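Just passing along the structure, written as C-alpha cells.
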Amino acid sequence: MTTAVNDLLEAHPAPAEVDRGALAACIEECMACAQACTACADACLAEQEVGTLRRCIRTDADCADLCETTGRVLSRQATVDIDVAGAVLRACAAACSACAQECEQHASMHTHCRLCAERCRTCEAACRRLLDSLADG
Amino acid sequence: MTTAVNDLLEAHPAPAEVDRGALAACIEECMACAQACTACADACLAEQEVGTLRRCIRTDADCADLCETTGRVLSRQATVDIDVAGAVLRACAAACSACAQECEQHASMHTHCRLCAERCRTCEAACRRLLDSLADG
Amino acid sequence: MTTAVNDLLEAHPAPAEVDRGALAACIEECMACAQACTACADACLAEQEVGTLRRCIRTDADCADLCETTGRVLSRQATVDIDVAGAVLRACAAACSACAQECEQHASMHTHCRLCAERCRTCEAACRRLLDSLADG
Amino acid sequence: MTTAVNDLLEAHPAPAEVDRGALAACIEECMACAQACTACADACLAEQEVGTLRRCIRTDADCADLCETTGRVLSRQATVDIDVAGAVLRACAAACSACAQECEQHASMHTHCRLCAERCRTCEAACRRLLDSLADG
C-alpha cells in the first residue's frame, strides 16, 4: 500500500515540506494499526476469559480512534500546523505504547493480541520517527 | 496488507460465517479508499481552481467517513448483524459511486482525482461482492 | 444544543433544501446517540457479568460509528446527494434499531443500557423522519 | 445535553476518579465543537471566495477529527490512562486553538466562522480545565 499512499502524496499540488518517506510510512502504519486494534478488541470480546481482557479492549478502542485521526490529519498536506501535527503524533504514540504494553501481556495466549502489539509498536516507532523529522525541519 | 488483515481475521475465536477473502478485501479497500479520499480532498483544496472542485471535496469527505466506518464495522466479526452489515455496505457503495463519478470528471486534469476515482471504484466493487456473498450465505 | 446546530445550519450560504427542523434534530440525535453508545460500551465492559454483555458492547460500537458518520454527512449541506444521504440514514436507523433491541434486554439491570436504548430509539425515529421528508422533497 | 452526558457518566459501575463536572463539560464541548467544525468547513466550501478560506476548511477538518476522538476517549471511564488522556487533551486543545485563530479572521464576514470560533475557544478552555484537574488528581 505504500505505493498508493505515496502516489497520492506526490500528486498534491502543494506537498508538505516534511520527509516524504517518514510521512507515508506513518500514515500507512496508522491505518494498519487502527484496523488491528478494532479487530483485536472484537476478538478479545469473543474470548471466553473476556473478564481478563477488559483493559485490552479499552486500550484497543482508544488506540484505534487515535490512529485513525492521526492518519487523517497527516493525509492533509496543505497548510500543515506543526504544533497540531506534533501534539497529534505524541498522542498517537502514547496510545500505541499503552495498547502495545497491554496486548503484550496476552500475546502468548492470543494471536490477535500478539499481532496487535506488533502493529502498535511499529506505529509508535513511525510516529516518533516523523516527530523527529518535524523537529529537524 | 491483505496478509495483516487476513491474519487478524483468522486469529478471531469466533470468526464470522462469511466469505473470508471477500471480507478481508473489503476491509482493505475501505481503508485505502478512506485515505485516498482524505488526501484527494486536501489536494483539491490546494488547487488553484478550487471553485470547480467544491463538489469533489464534499463527496471525498462523505466517502472517507463512510469507508472508515464500514471498515470498522466489518472488522468486528463477533455476532454479525446481517441487516446492519448490509445497510452499511449499501451506504458505502453509494458513497464510493458518487465520489468516483465526481472524481472521474477531474481525472484528466488532476492525478489525485484519477487515483481517488480508481480507489472508489475498486472499493465499490468490493462492497458489492461482499453484499452478494452475504445474500448467498 | 438544538440552537447551536440550527444556528450553524442557518449560517450556510447554500442551505440544503430539506426540512430544516428534521435535519437539525437528526444531527443532534446522532451526536447524543454516538456518545451514549460509547459510554454504554465502556460501562458494560466494567460490569461484573461482562460475559453476558458481549453483544451489547458490539452493537454499541457499531452504532456509535454509524451515528458519528451520519451526523457528519448530514452536517454537510452543500451539494447533497439524496442517494447517499438516504442510504446513510437507513444504515444508521438499522444500527440504532439493533442496538436498542439489545440494550433493552439489559435495561432493567443496567441504567446505562436503559439510557442508551432510549437514545437509540429517539435517534432511529429522527433518522426515519428525515428519510420521510427526503422522500417527500 | 449536559444532563444526558452526566447521567451516563454516573451510571458507570467504575467511574473515573476525575472531576465529574469538568469531564462532562469537556465531552459535551468536544461533540458540539466537532459538529460546528464540520458544518463550518462545508459552509466555507460553499462561499464564493472559497479561495481565501482554504486554511479555514483544513483547520476545521483537523479540529473535527480531534474533537470527535477526544470525546470518545473521555467517554471511556474504565481504566483511564492519564498519559494517553493528557496527550489527547493537549492535541485537542492545540487543534481548537489553531482553528479558532483561523476562524476568528473570517468572523466578521461569515457567521459560521464566528460561531465556530466561539465553539473552538469554549472547547479549548474545557480541555485545559480538565487537564488542570488531571494534574491535580
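Note that the chains take the letters A, B, C and D in the order they are written out, and that residue 1 is the start of every chain.
Simple rule for what comes next: a contact is a pair of C-beta atoms (placed from the backbone, for glycine too) under 8 Å apart; a residue touches a chain by one contact, two chains touch by 3 or more.
This structure is a prediction, so every number in the text was calculated from the model and none was measured.
Participant: Check the residue numbers that chain B and chain D use where they touch, and answer same if over half are used by both copies, otherwise different.
Facilitator: The interface of chain B with chain D is built from mostly shared positions.
Participant: If you average the CA coordinates per chain, which chain's centre is most distant from that of chain B?
Facilitator: D
Participant: So which has more C-beta pairs touching, C-D or A-D?
Facilitator: Of A-D and C-D, more C-beta pairs in contact link C-D.
Participant: With chain centres taken as the means of their Cα atoms, state the distance from chain C to chain D in Å.
Facilitator: 19
Participant: Please compute the C-alpha centroid of chain B, do the same for chain D, then give the distance between them in whole Å.
Facilitator: So the centroids are 27 Å from each other.
Participant: In chain B, what residues contact two or more other chains?
Facilitator: 42, 45-46, 54, 58, 61, 68, 72, 76, 78
Participant: Quick check on the complex: what are the chain D residues that touch chain C?
Facilitator: Per the touch definition, chain D meets chain C at residues 1, 4-5, 7-9, 11-14, 27, 31-32, 34-36, 38-40, 42-43, 45-48, 64, 68, 71-72, 75-78, 110-112, 115-116, 119.
Participant: Give every residue of chain D touching chain A within the complex, in rising order.
Facilitator: Counting only chain D, the residues touching chain A are 54-55, 58-59, 61-62, 65-66, 68-69, 72-73, 76, 78-79, 81, 83-84, 87-88, 90-91, 94-95, 98.
Participant: Along chain B, where are the residues that touch chain D in the complex?
Facilitator: 41-42, 45-46, 50-51, 54, 57-58, 61
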